[in-house]
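Residue numbering begins at 1 within each chain, and the chains themselves are lettered A, B, C, D and E in the order written.
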Amino acid sequence: MALKDSIAWYHFAAPKNFYPLAGKMIPWFWGLTIVLLLVGLYLSFFVAPTDYKQGESYRIIFIHVPAAWMSMLIYLVMATYAIIGLAWKVRLADMMASALAPTGAMFTFLALWTGAFWGKPTWGTYWVWDARLTSELILLFLYIGFISLQSAIDDPRRAAKASSLLAIVGVINLPIIYFSVQWWNTLHQGASVSPTMAPKMATIMLTAMLIMTVAFWMYTIAIVLMRVRRIILERERQTTWVMELLGDETVGEKDGRK
Amino acid sequence: MKTRHKRMAFILVGLAGLGVAAWLVLNALNSNLALYISPTDVLAGDAPKNQTFRLGGLVVEESLEREDDGLTVHFKVTDSANTIPVTFTGILPDLFEEGQGVVAQGKMQGGVFIASEVLAKHDENYMPTQVADMLEEGEKLNQQEQAGGSATVVPQTP
Amino acid sequence: MSEFFAMGGHGFYIWVSYGVTALFMITEVIAVIRGKRTVEKRLARLARTLSRSE
Amino acid sequence: MSDGVLTSGVQGGLFAAWRAMLVRDLTLAMRRRADVLTSLFVFIIVVSLFPLGVSPEMSVLRGIAPGVIWVAALLATMLSLGRMFADDHQDGSLEQMLLLPHPLSMLVLGKVLAHWLVSGLPLVLLSPLLGMQLGMEGEAIGLLMVTLLLGTPVLSLIGATGAALTLGVRGGGVLVSLLVLPLYIPVLIIGTGAVDAGISGMDYEGHLSLLGAFLVIALLTTPLATAAALRISVE
Amino acid sequence: MLEIRDLECVRGDHRLFTGLNFSLQGGELLYLRGSNGSGKTSLLRTVCGLLEPTEGEVLWKGGNVRSQRDEFNAELTYLGHLNGVKGELTAFENLQLGGALSGLAVSEDDIYHALERIGLGGREDLPTQVLSQGQKRRVALARLLLSQASLWVLDEPFTALDVGAVDQLAKLIEAHLQKGGMVMFTTHQAVDIRAGAVREVNLDALDS
């Protein structure tokens, strides 16, 4: 059983085999994303009640917290792929890391943006330099650094190695973001949901937030799979399987025109 | 030195360094590295003198007074041990309320904190209005029972 | 209806947040689809020229 | 097989190599004084521009002095990062360095120490002068020096990793700032925080031990990361 | 001693060579041939451990060179396209510091003697940036005289050298081989080196 599993991993770690698999998976993840987003948004706006303290403005939590969680989760996954890519020379892992970065950067930006637009009506300010906000901003810089370094190096192999190294160095920032609200007193609230304590949210609010989180997660998987397919084509363009794949497609196109 | 010995030496140095780093970090976490300062620390002299700093705590219930100009407000900030009066001229954030968390930036002047900016700090609890109302009712009942002399009721921590 | 959009006076902040999030996600999807199509076209042209030269 | 004749092996130890690395880089810096002085002048000029640009009033300047001096030190360090490995990369010395029979991370540490002695330590030594220029007082100046003494080596260590990652890369100069800046921010915040706390009569021990922790962590991790980045850069 | 197993090298999109196998024993000379861009330099750098092979491995005394870098490097001297000579330092300083870095016990006399032999007598104390291209190359070659390594990896060692220096280097290589050393090199020039065993690897002859 274990052997069989490892063979499957080995099989799909080859870009050639992963490319069609990803293609088959993408529609499913899009389907999940859309269903969950619809349910999550319905719960967020029509079912979840008004908060006793913040009134309606708390509804930003349904995108703010999922975006912030995804920003950290994506970095963690990206760094894991970076380690796999560096240590075991798995090309697909390098490609996954670079496919994850733009989406991670986007969610980091969204977490900051929605946070600012939530902070203004509740705290009375868009921005404050407390530990949580500053460390999340640093995360955005790390993502941008990763993307820039990768695009600045011409040789894809070297680019993957250098940016993977950078991603690994930047992991140190993750615990700082996560624990900042415990370690220092910040303007940012403490965690409403944590693995060690009972959630400090009404069940329906929590449900809406978790569904939105899963929706963002599915979105991430779908978009990253799409992006990694492009990256696979680009980096494997000299191989025969890509040539055949695209050669067939162009033939099909010509036939269609006739 | 053999490679193995060298590797051992590196690992030992690494572990020792990690220990030192951990000790330093723990040491730092115990002391002041905060966005704001509590009233107790301010009264103990742990706040900057003649300089702006951030004061944080809860707004004391029924301490809010508005002047006639409608802009200047007086209220008291507490950390449940000590209390400092605050004066602020300007628009308060929507979430500002008695009994709520607040972070004010300003200076001490003769025992009064003159704030130039007031930010509201909210906690991590979210619940529907009705539930909150019910909880409040329950708390009132509790307090009445307490006043009635019931010894079994555990006082709620704020 | 307008009460719903007002969101108790905080409509602006809520709708800007949700709007920007939607904008970014949709833009990302479009960008990725377009990017893949460009790459496919470029590589297909490459494949065609190679097969012709053979 | 005449193994014995040729493989007399390495006689001098790691320490000798380390010292040679230090001597080499210091000698090179002395022969290239203009480069070294440039970043020092940037430090001085940036700080000196503030009284002209912001306000000549001492009370205003005193308030921003720690931040200004720290930011200037950060900029000056960033400016000097480019030459840490670039010349060695260009003339092939870096390849030879990678082929030395010693752990590369240790050699990197020697190089970083040389860099700090040339471009970090002078900043620390100059800071009292600039502090006085901005109206800082005795005790605060002492504290500023201590924070810079703990902080500038961290800047050099992190900077080395950034410089190694961007070796031989298009637009490396701008890129190195982008990579290094996020990791510099905590050092800057804690460094200025300590001086500010000291000036206002508060406890600054926490800040200093955090700076110390940064230094220890950077000493442990960045040489390894830099060594790995250097190996990648010559590929 | 040195063994190359199933080595593959890819640069960018291009596979330079694959399935390369050979070994080298003490006293043997390996003459690496191939047209421009056939991967000679890449192969030499892979052997040194500067490049990571995409497939296969380089073994030194039976162990992968990447897992015993310090031991392997102690027995390796590499001369690449770049001289690795610091222009701001004099020829003497370059060799002295180079020796200290690689942990060799070389005396000042050794260094002066080496510079004398390589034809740089009287120029020991000039910053190398004022020297000519060929003279700079000689400074790099002087490292071979001081080296106690058993494996020499030389990438186009004869470029920029005049006839006399080419002869001298050829003799140097011969002497090293006679002592039981190993040499791997590539060149475009026709050079006459008398050695016990000469192996030839032609990268053009491999199918990639």
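Just a few scattered comments:
In this section, a residue touches a chain if its C-beta (ideal position, glycine included) is under 8 Å from a C-beta of that chain, and two chains touch if they have at least 3 such contacts.
Computed from a predicted structure; not experimentally measured.
Using the contact threshold fixed earlier, the set of chains in contact with both subunit C and subunit D is A. C-beta contact counts were set side by side for A-E and D-E; D-E has more.
With respect to subunit E, maximal separation of chain centres occurs for B (centres as means of Cα atoms). Subunit A and subunit D have centres, each the mean of its CA atoms, that are 34 Å apart. Mean C-alpha position of subunit C lies 53 Å from that of subunit E. Subunit B and subunit D have Cα centroids lying 37 Å from one another.
Note on chain placement: the centre of subunit A and the centre of subunit C lie 15 Å apart, centres being C-alpha means. Shown for subunit C are the residues in touch with two or more other chains, namely 9. Residues of subunit B found to touch two or more other chains are 29, 33, 94.
Shared interface positions of subunit E, defined as residues touching 2 or more other chains, are 70-71. By the touch rule above, subunit A contacts subunit E in their complex via residues 154-157, 237-238. Taken in their complex, subunit B has these residues touching subunit D: 1, 6, 10, 14, 17-18, 20-21, 24-25, 27-33, 45-49, 51, 53.
Across the interface of their complex, subunit E is touched by residues 1-3, 5-13, 16-17, 19-21, 23-24, 27-28, 31-32, 90-93, 95-103, 107, 231, 234-235 of subunit D.
Across the interface of their complex, subunit A is touched by residues 10-14 of subunit E. Contact residues of subunit D toward subunit B in the complex are 13, 63, 103, 190, 193, 196-197, 199-203, 205-207, 209-210, 212-213, 216-217, 219-220.
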